[in-house]
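First chain A sits with chain B, and in the next complex the same chain sits with chain C.
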Partner chain A sequence: MDKHRQGATASYVVLALCAVVWVVLPAAVHRFAQEAFAEFQAPALHLAGKARDLARFWELKSRDKEEILAASRDLARANAALELQLRRYEDIRKENVRLREMLRYNPPPEYLTVVARVAVRDSSTWWQRIVIRKGSDDGVRAGCPVIFSDRVIGKVAVAHHTTSEVDLITSPNFRCTGFLESDEQNRIVLITGAPGRGLASGRSRVTAIPQDYVYPVGNAPKVTTTGLGGVYPAGLILGHLEGGQRTTQDGNFRESSLTPTRDLFSLQEVTVLVPKYPTPGEILLEDQAQKRLDELR
Partner chain B sequence: MRETPAAEALPSSPIAKARLYLVFLLFAVGFGYVIVGLALRQLIQTGDLKAQYDTQSRRVVLRPPSRGLIYDRNGYVLVENRIRWSIKADLLALQPEIHRKYLALIKAERVRGAPVEFDKLQDKARLEVLQGWLDRVWYVIDEVQPNKRTGARPRPVRPDDEPERRVNAADLRKHLRERRALPFVLVTDLAFPGSGRALRPEEGQRTIARFIDQFPVNGPISLQSDIVRSYPHGSLAAHVLGYIKDTDELPEKVNELADLPMDNLQKLQYTGKKGASGIEQTFDAVLKGMSGWELWTKTSSGYNKELVASNPAQQGSAVNLSLDRDIQCAAERALAQIKDSKGELLPGAAVMLDVNTGEILALASQPTFDPNRLADRVTQVYFDEVDGKGGWMNRAIQGLYAPGSTFKVITAIAGLRHGIVDWDDILECGPSFRVGARDFPEHDPAGYGQVNLEKMLAVSCNVWNYMVGVRLGQPRLAAEARRFGLDTPLLTHVSDLVNGSPYELPYPAARTLVVPDAAYKQRNGFGPWTDGDTANSSIGQGYILTTPLHMACVAASLARGETRTTPSIIHDPGRDGRHVGAEPIGITEAQLTALRSGLERCVTEGTARTVRIPELPYAAKTGTSEYFKNGEKAHLAWIIGYAPADNPAVAFCVLVEGQLDTSTWGGKTAGPVARDMLTTWARKAEAPAGAQPPSDCQRK
Partner chain C sequence: MVWAWFIVLLATLPGLWVADLLTDSLAGTNLVVFISGAAIVAPCRRLKRWQAVLFAACVGFLFEARRPIPLGTLPFLLAGLSIFLTSNRILLRNTPLVLRGAVLCNTLACTAWFTAAGLRAGAFAQGDLGDFTLQLLIQVGFAAAIALLVFVPLALIQDAAMDRTGLPPALESP
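Up next is the complex of A and B:
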């Protein structure tokens, strides 16, 4: 019995010693350990994601044939409609290019798209960060916008070799500019993630709403990206304004909550928009990462 | 009997016992002292100690409110607030980085073997760290992105860079001395990052968006938004609207802002704004709003630590001016087209009033200034530029001029009222009129022959007025001018809300209005009054000095058949149209009809015929008086009047300070400005009730 007690005490002592050593170690070692752990757990994350995909595959495979036939019929119709729409968009695109050339208008940034499956939601930060199964080996860079369809999901925070961590639009680390629906003057508002409230679904905050902005009657107004900052293309949906508004601390503006248009919990797949040329913001992030590496060395 | 264990523990020696009791006593006294002391502090001195705590460990930061908006009579915004995004550095969050830099600098100095000056190195470390962050900010916001294809890194500041790219050491020292608790401003306005270049609105928005979208979120550099004054139409009505300036004065009644013992607390304030001229100044009390406050705990080194409580600022109230944006725009545009033979802009002023209410629809003065360039700070270069052109003076209310022939209306009314002449009397008017030893000339060398009242007003006959004026005598002429309020300051305001000022607009020249008489001439050492002075006065020349606004009021009064008009720059839909000191002109209906008919003939066949508006019959009287400009004789071009002629709704006055070589004349030079104002007014008046016709006065 005494031996057991001594063994238990020794474990506590060792744990305490380890904790003290961890605290005392330089910050560079901490960061090194974190990076190493991220790379170490990447295969496990891949595996977990693929297992989930497999489970989904078998779940779909077990469906009734008639059901699948009906679904493929619907899909064919939708495809035909989309084909038509695509042709129309192609005409508009050509017209757009022609007009830009005529006006010598500076073209917006070009993006490469990287489609990525969601591997896991980072359990330490709940809805504020997800891990996707594409990383720097696939061309993903920190600072790149992440979207689903025409909706903004977030921004790549860290790009590892085979995985990337994405700060969701509800993360306090997320910030971007937006335009309010039916604001004729197109005044910029600021969208930031708001600190979480327990397990409730995520929210973002919209600040700098002009005092004279009048809500359109009916649906909650949409907030879309401005396309001015060189990161997000214009017109992507960030979410909808909630009704309640408060006057900001300085009394100059109003602020409100933003409800993301997509349930961030149910995300299966996202698209990373990789700007063709790195933006200054990306280079600053790279420099910070380089600085960290220098510290490690 | 067995003793208790406590008693057993006591020493048996009486001396030892006594010593022990003494120790007990000392302990008891000590504890008692502590307990009494604690009770004293907790129960009796609580208030004082709390106040001391507040004073030492907390501070109030005051946030100036945004100012109220200014609208024209139709609800168009003339002055608004623009969002300003600035970039600030949190010095408390930067402390570790500054400290690391400081240690590195000390190490470098020691390696070099140089004597270490710790204070200087501390300053240098702070400056270099802030400069590093400013370089990164510029790297992101700069329009030209050198990194776009080459991947170049942020470059360090160069000596030939604009001042905005460098952290100013003196500013930083001042900030640390006076406002250490507040963030340090790295870039004042993201929409105007360089003082030398004003970005177009979309460029400004791109700069703001680049920073917000790209700059790393977590860090010591934060984005803050506040409000700056914006004048969307640029220089439109600049003299009326005025401009604002920085103020660090604490708001009045600051201790009553919140239910806190504010008077004990240290107070810091973000720089606020107050009106420096125009409506911004006179209505400052209405426009300025109420400051917000934040109660912070502070660190021992004076930085803000934690926000305890706060209250948002409240925006100031709006002011609705009586101006009509479109008429004002038309007046200013027309004035801006009047140039001399060298292409230089001629100074001038234009006023239009609502005949019935006295509300001012337009009050323009040229040259002017752009209040947007004064909204943040007044640069000496811009001040001198405006000053050199004489652009600070509001000529419509501050400029003092001889009214010239427009005064003949007053001479005629005085003559009619005192029976010197009647409306149908015909006077023989030759090429000149002799008074004493001097011939006073007619402006037409041939003379006008037989002239009655109507013809006099149509052709602006001088001799008719010399004759009537001399027969009247100066006392009666001056009394008539005073009846029409030419010696009375205008734009007085009935409300005491306006900073205790009796005027709606700054009015420094009010005391120098001159309606001359013998006493005036004597008082100023010009000698005794003569008939020649009276002849001069009768045609609005000589010592008489008035403002364009006064002459517009004379026109409005004539249109109503009264003597006084109380003008106002504030729009009040319920204004009753009563005018302070107004009385009927005091002439017969026939005389008044002849007078008005003469003014109409002035437009149809007289001196204002070149600016006739076929679809809008109106009444006017032109004037061309002489004055001395830089020692040389020059002309002042005037026109006053009202429209429509049969049912007057608006009255106007235009003045242009001309020069002899440009042949400046009332009808020819000032007339087109009046015509443009009237055309714009007519276009708006014809629009269906409640509708506004398309405007060509756009935001800039």
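Up next is the complex of A and C:
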């Protein structure tokens, strides 16, 4: 019995030593362990996403023929309307190119778009995430903005080989700057994710709203990205400002909540905007890594 | 058998993935279907201590790998719990006791990752301790209920896998 107890004590001591060693180990080892376990689970996530697609396929396949005919008729109408719109956009595009040539304006760095299906959603008080079925093998990098149409969904938190984790705009880790609609002075507000309360899903908070900002009558004002910081292109919709505004403790600003324009957990597909050139943040991190390497040498 | 812990881990994986899928379907409610704590209890009755520790650490890492929790929190806690359980197998001598152990382990592990993730997200810096406690109670209560519901089928699968690997049966007494 004593031998058994000694063995248990020795195990606790070894575990404590392992924990200490784990804390002291360089971040690269932690990252490697995390990546290894994440990659191990990646096929299951793909399978889950594909199973959902298959279920949707069979659900659609089991529909009545008349229902499908009605849907295709509606789609044909929508297509005709969209074609007209497309021609108008083509004219606008040509005019835009002509004006840029006249002004010798350098277009902003373009983004590559990577369309990705949502594999699984993961939400807790401290994180609001979706896992998408595209990763670093498809060019996705950590920090890339994720959008749906012209709406911001979030930002890539971690890019694995074939999957990526996306922090949604309601996630407490999310930070972004924005402009308020109908604010003629274009003053910058700060948008941060906030932990959910009770069983309510996460929300976003808009802070640094100027005291003299007049809340427009009618529709809730849109909050759009500023393009500052080089992560999100300017003009994307972050959400709508809620009515209830509170004055901050210092009395200089007001704050309010942001309602996302879509139910973030009902998304099936999103678009990742991959910058063609490294963003300022990436360049900064690269420089810091280089400096650390030089110091070590 | 040296690789018994790995075979049990493979047998446990579908259960962990089903928990992930349930979390997916509950995404709008902020609740995580957490079963990693309960998953280590049945193997601790039959695996050797070092095997149980490896198994528990892997289960912990599998949960943490895709979530913003300080890395190492859950694996080391589960490894510690597995040492305790393998050293006190008398505490797991019959089904009600095993079920109680599963609920306790799941609750304890859930408290650990929730607190660690909260610390990382700056929950205490905001000073809203009441809200943190409420959220913790909801998540921990849910984890306890899930452990009660899920433990028996999960333990049956794990026991079947351990039978196949030829591990000696667990200590049983009324």
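Note that in this section the second predicted complex is superposed on the first by the 242 of 297 C-alpha atoms of A that agree within 3 Å, B and C clash if a C-alpha of one lies under 4 Å from a C-alpha of the other, contacts with A are read in each partner's own complex, and residues count from 1 in each chain.
Here is the rule we go by: a contact is a pair of C-beta atoms (placed from the backbone, for glycine too) under 8 Å apart; a residue touches a chain by one contact, two chains touch by 3 or more.
Everything numeric here is computed off the predicted structure, so don't read it as measured data.
Contacts of A:Phe40 after superposition on the shared chain: chain C is touched, whereas chain B is not. By the touch criterion stated above, A:Arg187 is placed in contact with chain B alone, chain C being left untouched. Legend: residue contacts after superposition of the two complexes on their common chain; A:Ser164 is shown touching neither chain B nor chain C. Once the two complexes are laid over each other on the shared chain, residue contacts for A:Tyr232 go to chain B alone; chain C is not touched. In the superposition on chain A, A:Asn173 makes contact with both chain B and chain C. Residue contacts after overlaying the shared chain place A:Cys18 against chain C, while chain B stays out of touching range.
Residue contacts after overlaying the shared chain place A:Tyr277 against chain B, while chain C stays out of touching range. In the overlay built on the shared chain, the residue A:Thr261 is in contact with neither chain B nor chain C. Note: residues 172-173 of chain A belong to the chain B contact set and to the chain C contact set alike, using the contact criterion stated above. Residues 63, 65-66, 81, 83, 136, 139-140, 145, 147-149, 151, 153-154, 202, 205-206, 208-218, 223, 225-227, 289, 292, 294, 310, 312-315 of chain B touch chain A in their complex. For chain A in complex with chain C, the touching residues are 4-5, 7-8, 11-12, 15, 18-19, 22-23, 30, 33-38, 40-41, 44-45, 48, 120-127, 129, 131, 157-158, 165, 172-173, 195-202, 263, 265. Across the interface of their complex, chain B is touched by residues 143, 172-177, 186-188, 190, 192, 207-208, 210-211, 226, 228-232, 247-253, 277-285, 287-288 of chain A.
Contact residues on chain C toward chain A in their complex (touch as defined above): 13, 17, 20-21, 23-24, 26-32, 49, 53, 58, 61-62, 64-68, 71-72, 76, 79-80, 83-84, 86-87, 114, 117-118, 120-123, 131, 134-135, 138-139.
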